[in-house]
Every structure is written in structure tokens, then in C-alpha cells.
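These are the structures, in C-alpha cells.
The same chain A turns up in both complexes below, where it pairs with chain B and then with chain C.
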Partner chain A sequence: MIQIQNLHFGYRRKKIFTGLNLKLEAGHIYGLLGKNGTGKSTLLKNIAGLLFPQEGTVSVLGYTPGKRQPAFLQDIFMVPEEFFLPDMPIEHLVRYHAPFYPKFNDDQFNRYITEFDIPRSNTLQKMSYGQKKKVLISLGLACNTSVLLMDEPTNGLDIMSKSQFRKVIAGSFDENKCIVISTHQVKDLESLIDRVTIIDEGRILFDQTVDAITRKLSFHISFDSDEIKQALFREPSLRGNAVVTRNTHGDESKLDLELLYKAIVLNGNAIESVFNA
Partner chain B sequence: MNAVFNVNRWLLYIGKHWNENKRKYGLSLAAIGGLLVLWFSFLMLVNKTHPLNEEIQAITYYVGLYLTGTLYASLIFSELAEGPKAIHFLLTPASTLEKLLSALLYGVLLFFVCYTIVFYAVDVIMVKVANGFVGASMERAHLPFRPTEVANVFAARNGNPVIFYVLLLYFAVQSIFLLGSAYFAKFHFIKTLVAGLVVFLVLVFFVHKVLGSFMPNGTFFEPFTIYRVFDPAHGELMIQLPEWISSIMLFLMKYALAPSLWVVAYFRLKEKEV
Partner chain C sequence: MQFRESQAIYLQIADYVCEKILLKEWKVEERIPSVRELAVQLEVNPNTVMRTYEFLQQQEIIHNQRGIGYFVSPTALKNSLTYRKNDFVEKDLPQVFRTMYLLGMDPDELKPRFEKYKKQHFA
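Take a look at the complex of A and B:
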């Protein structure tokens, strides 16, 4: 669905990608994690055709995104971190945007708006940032595009909205869609994504399915000093040590995305060796 | 699906654009109308006998058209300078040609039509008001009074087609500003104005200094199709381009300048990154 080969991209003073390769398939919700400024948004913009590769190729749904052909644009939707919505009532937004997306579903949109508790009487300009973001997310989901890109979608959402967000995304997902969510707020994506891709310094540091991660790694609190010593990653907490260890028992553990992220950034080689074994 | 142009999709895009911008357009036209009322009122205050004669009406029309038309054109693609708006614009599922044609429809054609309608709506009223005031004061002074007519701003004056060229030049100048709105990230109007002046001066320099250095002593006559040579031995000589070359060049100058700038704007939109 999305194929990135040997992507080179940089801004005037800073190289971001030097030969990035990545393949994203339909039927997955990808969590694109990484520190600020590591190229998450740049990658999404290259996928959406808002930026053009300086070298290498990006192919999305068989199209070259940079050509911005209408057939491509009507099958991809992006929720940018900073977004624009025109000043009009929600009904008008739907009336004038939905016809561009052949798979748009009005009932779905109304359901999401209800789930997000959006007041329909207000025009978009009178809504708060969080409410506007939820309208845009609802629109993006109801468009039923094959590719949905979200850049920091939970920024500006309150605690209840974050949980509604996870519920709505999970409810709208099907095997024909590929959702890519970029965030540095890793906790927000827990129990939602099924593949974790971590970018650092413009390269893919880690790329595994959640199934593989929970089969091979265990995330738990430990009081056993030997286990703590041998852990792939450990972090003192109020209740003992939070550790990442090899999952030797074969039981599926619960993924702690924040712990995994720290383990990969601070002790990447050890984690990698578990998956290469 | 046609990737370059589809009438239904274009109509959808036009509808979307109108709905998103109708308030802004309405306010802009109201502002233009208000400024015209102010200007005509000022003229009535300072000129008690012929405040809105036909020449003044025509000059007001064209000065207003050039000022507001270029200012408006310099804002047509200004949203490309703002990240979120640019993303909204570029990711709307319509082709670049459809987006450009929509901008030309609103920014060039409809702007011209609406400006003309607003101008005449104000002009007709203000000419009546001026005739009423001037007529009353003339009557009090027992002087003869000939009411001012509403000017036809498109009519050739004394058979001189200059109005026609002023209009053609307007569309070319407006297209330069439209292109500037797609090129520059900030201060579109000022930057286009400066860039346009620089290009114009470079052209003048090229024609007079570079071309002039290997041409015989003389000057261009009728802008560029005839070259007049001052030869002490033979007197004044006219070197004229063949008729067909002159016709083609004049045709291109008149009708191809604005469309060629639109083509450049098209490619600029295609290569735009956010």
C-alpha cells in the first residue's frame, strides 16, 4: 500500500532522511513514534505528496504522491498537527467536502460527531481547538479513504476525548485501510496500534508488530534484583523497577509503549538482538 | 477518472471555494463600493462645477481596477504561505488545473465583472447626486447647467483605442500579481511590485543598452516593429519587420502575455511543497 525506497530528504540546513526504506500494508494501524524533530511529520508529508523526495521513491496506492492526482487525493486523508477548517457550520463542511470522497459515509460521520460530543449548532470558528480537531478526525474517518495519516492527533484533546479517539479509530478500522498515527505521546496509542515504527535521526530504529513485541518482550514491575540486573531496560519507579525483559515464558504480556520506546532509544542494540535471535 | 480536468469535479471545487470565501468576497466588494463613495464625495466637495465628469469617472474606474485588481490578485494564492491552509488547499481532491481555473474564474473574471457592477452601482447614484447638487447651485446662481452623463468606461475616446490597450494591460499586470501570490511566501503585493519593476527595468536596459549597442544610430518606433535610423547621407530611414512577423508579435503581446503567466502559475502550483 505504501512503499518508501531509499528516501532522501532534507531541509536547507538539516538532512532528515538519508536512504529510508519502509513498507506499510493495509489492515494495520501504525504508530509512528519518535522524538520531536526526528522526521515523523516530514515522512507523513512525503507520503501525502506535500513534500517531494530529493532522492528515492515513495509510492502510495500505486501513485506517486507528489503528482497529487485527484484519484490519489480522494483515497488519502491527512489530519495535520496544525490544521485549517473553514468558518462554516458542520453541515456545510460535509456538504462541500464529502462529494470529493466517493466512499464518504454520512451516517458514520454523524455517529463520530455524536461520540465526540460535538455541538452541531456552532460554526467551526466558534469551536475550541480540541472540538475542531475532533470534527476533522470525524471527517477523515467518515471519508473511508484507504490511507489515513494523522500527525499528533491527540494533541489538544482532553483525557475523555483521547479515550473517545481510541474507541472511534478502533471502531472505524477495517482490513482495507492503513492508518498511520504519528505521535510523541506514546501512551495515547496504547491498545490502539498493531505495529510500532520508531524513527530516530531520520532512520527506522524499530519496526515490529505489537504481537511480535508482546511475544518476545515482557513489560512488568520487578522486585527481583537479579531480574532487574539482567533486564534489557530498567527504570526505577515508586513501586520497584519497571523492566523490559525477554519473554521466556511464552505468555503474551501487556505492551507498555512508553517503556518500549525508552528501551529502544536507550538500549536499542539489546532489544534488536531479541528480535534478530 | 480524468486526472487533468473533470467538469463535475471543477464545479464541486467552485462551489466549495465559494462557500469558504463568500463572506470575504462580499466584504471586499462592499469595501470597494465604500471607497468609491468616499472618493466621489470628496470630488463633489472640491469641485463644485463638474465633479464627476466622464473623464474623471473613467480614470476612477481604471485606477480603482488596477489598484484593487492587483491587490486582490496578490492574495489569490496567499493561503499557500500558511502551512495549515496550504495543506487544506493542496490535499483537496481536485487537479491543479481545476484549482487554477477556479482561481482565475474568481480572481480574474468574476472580480472584473463584480468590480464593474459595483463601480456602476456607485457611479450611477453618485452622478445623480452630483447632478442634483450642481444643478441646484447653478439654478441659484442663474447659470446654465448641463447634467453629467454616466460614462461608458469601455468606449474608445475620439476613435483612439487606448482604452482597449489599458484593459489588456490590466489583465497582464493582474496576472503578474497572481503569479507573485503563488511565488512569494510573504508580502506578496510589495514583492511582486518590486520584482515586476526590476524585470521591467532589466528589459528596458537590455533593449536600449545591449540591443542598442549593435543597432545603427536610431530609435524604436511604434514600440518595436519599426526602427527609425538617422542616416546623415540618406536622411531618415524606417526599417520595418515583415507584416506577418509584426502581426504575430502584436497578437502575442496583446493576448498571450496573461495566459502565459497563468501557465507559469500552473507549474508553480504543481511544484509547491508545504
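Take a look at the complex of A and C:
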């Protein structure tokens, strides 16, 4: 669905990507993780056709995003981290945007904003950042595009909204869609994403399905000093050590995204060897 | 639903479904929530619920009627009991035993407490 080959991209002084390769498929919700400034947003913008590769190719749904062909634009939606919505009633926002997206579904839009507790008769002018974001997320989902990119969607959402956000995504996702969510709030999305893509220093550091991760790695609390010593990653916790080890006994544990991320950033080679074995 | 336990989410959802069946909230031959419905309710990826349902089909606890949905199998009670019992004996009981050993407790002490609990919650 999305193929990126040998992507080179940089801003005036700063190189971001020097030969990045990535393939994203339909039927997955990708969690795009990475430190600040590693290029998560830049990558999403290259996919959406908002920035152009300096070298290499980006292909989305068979199109070159940078050409911004209407057939491409009507099947992709991006919810950026920073956005501007004009001061107008929700009704007008829908009226001016929906016609560009043939698969837009008004019932769905209603359901999503209702789930988010936003009355349809409201005006954007009087809304907080979080509320506006919820309107934009609802609009993006209701457009039913094959590709949906979201940059830090849970930033600015209150506690209730994060739960509503997960419900809304779970309800709208299907095997023909590819959803990419970049985030730092790993706890918000732990149960939602089924593929983890970590980007670091301009390249893809890690890219695996959650199934593969829990088959190969075990996340648990350990009291066994030998096990703790040999762990791929360990972190003292209130009781025992939180560890990442090879999954040798076959039982699958729950993925701890935060622990996995730290393990990969701090002991990447060891983790990599588990997956290449 | 809070996923606190250390088990993979798809297995925790399997436990949840077995519990509904064992408590007879979901009855034999009744339709259970669709993959999407359960995913929304539990706020998880539909692929994860799909994996749970595939697993429970292998265990002959639920079955799929093409185009209609998933149903509680006639063998569900027996099979979910066996599945949960094995799981409990292998995974939970050793931890209970460990704590009991640590505190010098005897299994006999548990009996009256267990009776009281049953009376309070399931009478």
C-alpha cells in the first residue's frame, strides 16, 4: 500500500533521511515511534505529498504523492499535530470538505462526534484545541480513505477522550485500511496498534508485528537474579525487575511498548539478533 | 477493560469470553458480539479480537457461521472449563502457593473462606 525506497530528505541545514526504506500494508494499525526530531512528522508529510523526496521514491496506493493527483488525494487523509481550522460551524466544515472524499459517510461522522461528546451544531470558533482535534479526527475517519495518517492524535485529548479515541479507531478500522499513528504516548495506543515501527537517526530501527514481538520476546517481572543478569533489557521496579527476555517457554506475554522501546534504543543489536535468528 | 495482567491481550480476551460463557451470560448456541463490536467495547485492535476468536474456535468453544457471526458451541461449557482450569492450575496456583508458603498458611485455612466467598458473591 505504501512503499518507500531509498528516501533522502533534509531541511536546509539538517539531514533527516539518508536512504530510508519502509513498506506499509493494508489491514494494520502502525505505531510510528521515535525520539523528538527523528523525522516522524517529516515521514508522514512525505507520504501525504506535503513534502517531496530529494532522492528515492515514495509510492502510495500506486501514486506518487508529490504529484498530488486528485485520485490519490481523495483516498488519503492526514491529521497533523498542528493544524488550522477556520472559524465556522461544524456543518460548514463538513460541507466544504466532504465532497472531496467520495467515501465520506455522514452517519459515521455523526457517530464519531457523538462518541466524542461534541454537538454537531457547535461552531469551531468556540472550541478548545482538544475539541477541534476531535472534530478533525472524526472528519478524517468518516472520509473512509484507504490511508489515514495521524500525527500525535492523542496529544491534547483529556482522559475520557483517549478512551473514546480508541473506540472510534477500533470501530472504523478494517482490512482495506492502513492507519499510521505517530506517538510518544505509548500507553494510549498499546492495545490498538498491531505493528510497531521505530525510526531513529533517519532510518528504520525496528519494524515488527505485535504478534511476532510477543512470540519472540517476553515482558515480565523477574525475581531470578540469573534471568535478570541475562535479560536483553532490565529496569528495576517496585517489585523485582521489569525485564525483556527471549520468549523460550512459548507463552505469550503482554507487549510493554515502553519497555520494548527502551530496549531497542539502548540494546538494539541484541533485540535485532532475536528477530534475525 | 484494563489490561493489567502479564498475559498477551488476545489471551486475556479469551479469558473474558470464557468467563461470560462459564457465568452463563452468553449461552450455548447464542450469537456472541462480532469482532468489531468486541474490539470497540474493549478498545483494542480488531485483528487482536480476530486472533482470540480463531484461538477459541480451535478450542471448540465458539464457532463461526459464515455470514452470520460467531456462536457459543455446544461443547463450550466443558471446553472453556478445561481450558481455564489448566490455565489456573499452571499459572495462577503456583503464585498462590508461593505466597501461602511464605506466610506459613495451610490449605485447610482456605476452605471456610472459600465457602464464605461463594455465599457472598454467587449465592
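The criterion applied here is as follows: the second predicted complex is superposed on the first by the 276 of 277 C-alpha atoms of A that agree within 3 Å, B and C clash if a C-alpha of one lies under 4 Å from a C-alpha of the other, contacts with A are read in each partner's own complex, and residues count from 1 in each chain.
Keep this in mind: a residue touches a chain if its C-beta (ideal position, glycine included) is under 8 Å from a C-beta of that chain, and two chains touch if they have at least 3 such contacts.
Predicted model, so just to flag it, every value in this text is computed and none were measured.
Undergrad: Which of the two partners, first being chain B and second being chain C, lies in contact with A:P86: first, second, both, or neither?
TA: A:P86 sits against chain B, while chain C stays out of touch.
Undergrad: Just to be sure I read the superposition right, which of the two partners does A:K23 touch: chain B = first, chain C = second, or both, or neither?
TA: Touch status of A:K23: no partner.
Undergrad: Just chain B (first), just chain C (second), both, or neither: which does A:K45 touch?
TA: first
Undergrad: Is A:K187 contacted by the first partner chain B, the second partner chain C, both or neither?
TA: neither
Undergrad: Once the shared chain is lined up, is A:G171 touching chain B (first), chain C (second), both, or neither of them?
TA: In the superposition, A:G171 contacts chain C only.
Undergrad: Please indicate which partner A:K229 is in contact with in the superposed arrangement: first for chain B, second for chain C, both, or neither.
TA: Neither partner.
Undergrad: Considering only touches as defined above, state whether A:K15 meets chain B (first), chain C (second), both or neither.
TA: After superposing on A, A:K15 lies clear of both chain B and chain C.
Undergrad: If we overlay the two complexes on their shared chain A, which of chain B and chain C does A:K126 touch? Say first, second, both or neither.
TA: Neither chain B nor chain C is touched by A:K126.
Undergrad: Write out the stretch or stretches of chain A touching chain C in their complex.
TA: 27-29, 163, 166-167, 170-171, 173-174, 190-194, 210-211, 214, 219-221, 251-255
Undergrad: Which positions of chain B touch chain A when the two form their complex?
TA: 1, 3, 6, 9, 12, 15-16, 19-20, 23, 82-88, 90-96, 98, 270-271, 273-274
Undergrad: In the complex of these two chains, what residues of chain A are touching chain B?
TA: That would be residues 45, 48-52, 68-71, 73-74, 76-78, 80, 82-88, 92, 95-97, 99-101 of chain A.
Undergrad: Can you tell me which positions in chain C touch chain A when the two form their complex?
TA: Going through chain C, the ones touching chain A are 3, 5-12, 36, 39-48, 51, 91.
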